[in-house]
Amino acid sequence: MIIVMNPNAAQSAIDRVSAEIERMGAKPHLSRGTSRTVIGAVGEEAALDQNHLASLDGVEKVVPIMKPYKLASREFHEEDGIVEIGGGNVPKVKIGGTHAMSIAGPCAVEDEAMLNKIARIVRDAGATVLRGGAFKPRTSPYSFQGHGEEALKWMRSCGDELGMPICTEVMDTRQVDLIERYTDAFQIGARNMQNFDLLREVGKTRKPVLLKRGLAATVKDWLLSAEYILSQGNRGVIMCERGIKTFEDSARYSMDITSVPILKQLSHLPVIVDPSHCCGKRDWVPAVACAGMAAGAHGVIIEVHYCPSEAQCDGPQALLPEVFKELMGQLRQIAGIFGKEFADAGTLV
Amino acid sequence: MIIVMNPNAAQSAIDRVSAEIERMGAKPHLSRGTSRTVIGAVGEEAALDQNHLASLDGVEKVVPIMKPYKLASREFHEEDGIVEIGGGNVPKVKIGGTHAMSIAGPCAVEDEAMLNKIARIVRDAGATVLRGGAFKPRTSPYSFQGHGEEALKWMRSCGDELGMPICTEVMDTRQVDLIERYTDAFQIGARNMQNFDLLREVGKTRKPVLLKRGLAATVKDWLLSAEYILSQGNRGVIMCERGIKTFEDSARYSMDITSVPILKQLSHLPVIVDPSHCCGKRDWVPAVACAGMAAGAHGVIIEVHYCPSEAQCDGPQALLPEVFKELMGQLRQIAGIFGKEFADAGTLV
Amino acid sequence: MIIVMNPNAAQSAIDRVSAEIERMGAKPHLSRGTSRTVIGAVGEEAALDQNHLASLDGVEKVVPIMKPYKLASREFHEEDGIVEIGGGNVPKVKIGGTHAMSIAGPCAVEDEAMLNKIARIVRDAGATVLRGGAFKPRTSPYSFQGHGEEALKWMRSCGDELGMPICTEVMDTRQVDLIERYTDAFQIGARNMQNFDLLREVGKTRKPVLLKRGLAATVKDWLLSAEYILSQGNRGVIMCERGIKTFEDSARYSMDITSVPILKQLSHLPVIVDPSHCCGKRDWVPAVACAGMAAGAHGVIIEVHYCPSEAQCDGPQALLPEVFKELMGQLRQIAGIFGKEFADAGTLV
Amino acid sequence: MIIVMNPNAAQSAIDRVSAEIERMGAKPHLSRGTSRTVIGAVGEEAALDQNHLASLDGVEKVVPIMKPYKLASREFHEEDGIVEIGGGNVPKVKIGGTHAMSIAGPCAVEDEAMLNKIARIVRDAGATVLRGGAFKPRTSPYSFQGHGEEALKWMRSCGDELGMPICTEVMDTRQVDLIERYTDAFQIGARNMQNFDLLREVGKTRKPVLLKRGLAATVKDWLLSAEYILSQGNRGVIMCERGIKTFEDSARYSMDITSVPILKQLSHLPVIVDPSHCCGKRDWVPAVACAGMAAGAHGVIIEVHYCPSEAQCDGPQALLPEVFKELMGQLRQIAGIFGKEFADAGTLV
């Protein structure tokens, strides 16, 4: 950690900072420049309290050198991490390293028949994990909020029948136990990325967690949220870039494609992209999905509907079956250019 | 609601949209322009499903005309709303309309002595509501997370002794009952603004809720979150602007000062500003607090510490007692220019 | 254009709006809803003054239906546009439709030898257009500002010798004539995207213009800037997405990858991506370049240096020769998946 | 400057960085931590090439310690700067330190009669400098572009007659000489804040320059643009905060109110706010103007029109005369709270 003093900081202020650094177990190294004194604190950075040092008299700013996360860091875990979803009645799907794949299904589970129909469509096109919302986060209290446990049951039996692991969103700490009984993987939505109690609760389970990036979260914030889960002992975190909030208003959010290589450099955790929620309009979804794979993502999560105008939720962004199928072929080719194998139902059996 | 068709939309697509509008109970009005057909849906907009219409063939975009929130809207409640915090052992403090006030205290409640000391300082300077964190949302799992129920007890007894209502943050649906037993007002933090289950739970209580704006939330999103609380029957919502996430990195967040007059035009709900979390550095807090009052806010929430370098949380942004006192005088004068009365302990007795 | 009236707008205000619409040559269509009157103006939207209508009493908002640009619009020009760079002493390179290619070279032209060396490297790897800065826009007045006309001469003779068209930045209306004498294509930098006088001046020439997107420009703003050039009779506009300014600070800017399919839907103009300036760090450049091609771009513009630590400008983002060569192979493969032919020096001869 | 090495940087890489620091005339100070080596470069930071160091092998990041601007810095000029506008036929108006004031007038100068009428209105309400656009930057090439030199003549004769200095926008290097002959102060618009040639040209004159902040410019970028002007010998720079581009779309831009105290801490240059362009809608302009003064600004620039619906440009944001007059009274009272004197025509005579 580096402490930059004000140009006019008194010697007593410099001494105080040095003393505090020693008190915290590190060693201060002073560099007196022409106009400023800079103090390096050498030692275990985690033991240093950045806020405390920034609050001392005469301090202009404090610059941390180490990353604030550990378990999520590639420095801690040099090899690519590989997460497995599934097991038991359904095959295990690998994600990470050279293992790429896709998660697909409807936005919300509206009824059992539509779920089964869409699940077959996406499996036949090559998706290996089934998604579907049982509890839906909606910006308006007057919108459809999901079918809850009933939808979880439909998901489970559909996944078992088709041999697809399932993934569904958890929104509230009180739902964790219930959802854990049914699902193969939890999804944490963008708006809950810093719902720290929820992160801790899913961290206590041993089911993989798909952690969507918050709309205003930096890559660092996002990795710190992963750290919450990892620190509880759950190592199955999959990062999901789904667009950030910017001034551009043509699409709902702006896919931060550069975050894919940045995340892979900083962390060993697998990363996928969600073009559906980012775009909000199906026309642009295939292009953004392909961009994600070409940027190095380990997969995509995509919403599909055979009749989007009947969807109770986010119909405008759902891909039609034939477009999804064509896209899967393109994703497989792109993965191949970069030495990744793109899983499909056939690969798993 | 207005449906703009593609330039080359077929007549059958136009007919389908019109039929759907009628099916939902509204009347379609067609305007055929030189290059596009535009269909107005006249009737109860709440009954119209925007997503459904946007998903139909040939539709370029759907433009809603009505606001998506009702109870939070000034159209629904023309007079300024006035919320009361307190009652029982402590006086009631009014906020809204011509009633302005300040909420102050430490960021986190670290121990009982420091809480009592800071509470006296802020009350003597003119603050009427005491803030303090018992459960702390922290971006890192390794940071201090608050003293929980013990801190709530200290808060309650301190508030009762000094005659100050108290306000503290709730982060998890499972904490609502516990916190309700102690506090006079709930605070919902920025990162939980779209934790919809939490909004619903505090909406079921009858204690006022200070709803901080999310870091990536538009004013519309923020009012929809207020609507979640209001729709459960709790009418005591106070909006708190605390800065949004932008590219500017000198301060932690950018205080969106324009949101104050915009919110007051759209809604009857009282609005305050939080300059402490927005700035992240005490040097700029008084200027931003004064800006908030001059923009028409009904008050401020400010963190104060007698020795910020000892604070366990957010020390760099805590105001020193003498600076807070001077600021309170300035805020009172600014409130006076705009015909508002700024409450202090004397006014309440 | 649609005019939404306030809920309590007087009949006289509605009449005034209708009269103004008629005065401007369009027809007003009234829809009286339960709480609001909405007036559609049917006719030539370009003839309607949105600001004027928005200023009238009782108007809540004005919603335009048509795009504000014409010549840049796909409605005006349905087929993909194809722009040619070069001619005379150098071959012509096509860009747009199924024609993809890459522009590469140093950030700034530092001396003739380094330019010649880098030009050979990028040509041998498959780049077809040579880039290089003679006049450099720098945020600090104390940074290297470019070698001016001398650098233009080196560029011209290098391009002629290697058979590569050249592209260089113009920053000031007073430089247009000078640069036109040397270059095959103009580049307008992000900070000048709304330097309207400059847009008009390059619009008067008949050399292609690479128009970089401004850091705070929406896709609509960007197309309106293209319209400035097109409206002067120059149809050779190539759009270049180079990242927008957002809160994320790992990379210098955030590549808005979704803008690629959006732009292609709205406009016939070719679009390329600039991963070098967006990333600011070479580690992430190949991933973002590949993402751009996979999203549908017609090419990339990339900075290359054989010894980045000696570069006088933007060394950290320059690709090393062997990385650039590998990347070109990947881009060619991605282009192939989407039916595009990726030009190289061999193709042109 | 501080150079943070990668965790696994070789000794040879560390030696190379040290040698380069010495070659540039500074001294390297090594701190070897548990996982990283950090090298401080002590000496004249301006002599160090950050990009060069960042490009060397094994370097993770380079952290500058000094500000990149000098003449714009409060470290260089500790006292508040005071800029004078006017002289010759018109009185001089001071801005900066305890001198506050307002600039007002129409957006565009549409004809001589309207200019004279509005000038009288704003002068009688207390404005001391007259604004008005002769050359207008418009996002669409089809919008009204201003009356050019004729408008400058009307401005000059109106200012002379009423005893008001005038201020008008310059957009192109080729206009500098012409505008200098007429105006008392130049205005550089937000879209030209990084038009570096233009900054240099107005820097060569000795007329004050109102420098609006760019839509995507950090406070640091903005000060570097001021440095361009100052470095040419023109010390009369007035900074104007006019809102930045964010995701919030109710207002046109988001007034970054915190930038006012930040700028005053970093620089001695006077700062004013422009609520008209930021809001884009007159309803919110007075609140934002008052916020600016309460945050410590030295004044405001505001658009006024007696009949906004007839304005050829930005009518929706123009204040009505009686609202402007009331606002001026409020601004004067707020200035008084903070010990500033708010100039009016009477004060100047």
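By written order: A, B, C and D. Residues from 1 in each chain.
Definition applied: a residue touches a chain if its C-beta (ideal position, glycine included) is under 8 Å from a C-beta of that chain, and two chains touch if they have at least 3 such contacts.
Since the structure is predicted, the reported quantities are computational estimates derived from the model, not experimental observations.
Just to note, of A-D and A-B, the chains joined by more C-beta pairs in contact are A-B. The chain with its Cα centre farthest from the Cα centre of subunit B is C. One inter-chain figure worth recording: subunit A and subunit B are separated by 27 Å, centre to centre, where each centre is the mean of the chain's CA atoms.
With centres set at the average Cα position, the gap from subunit B to subunit D is 31 Å.
For the pair subunit A and subunit D, the distance between C-alpha centroids works out to 40 Å. Shared contact sites, meaning residues of subunit D that touch two or more other chains, fall at 216, 244-247, 249.
Of all residues in subunit D, those touching subunit C in their complex are 46, 51-52, 54-57, 68-69, 137-142, 171-174, 191-192, 194-198, 200, 214-216, 221, 224-225, 227-228, 231, 244-245, 308-311, 313-316, 318. Those residues of subunit A whose C-beta lies close enough to touch subunit C in the complex are 216, 218-220, 243-244, 246-251, 254-262, 265, 278-279, 283-284, 287-288, 290-296, 330, 333-334, 337-338. On subunit B, the positions that touch subunit C within their shared complex are 2, 4, 7, 29, 31-36, 38, 40, 42-45, 63, 65-66, 75, 245-247, 249.
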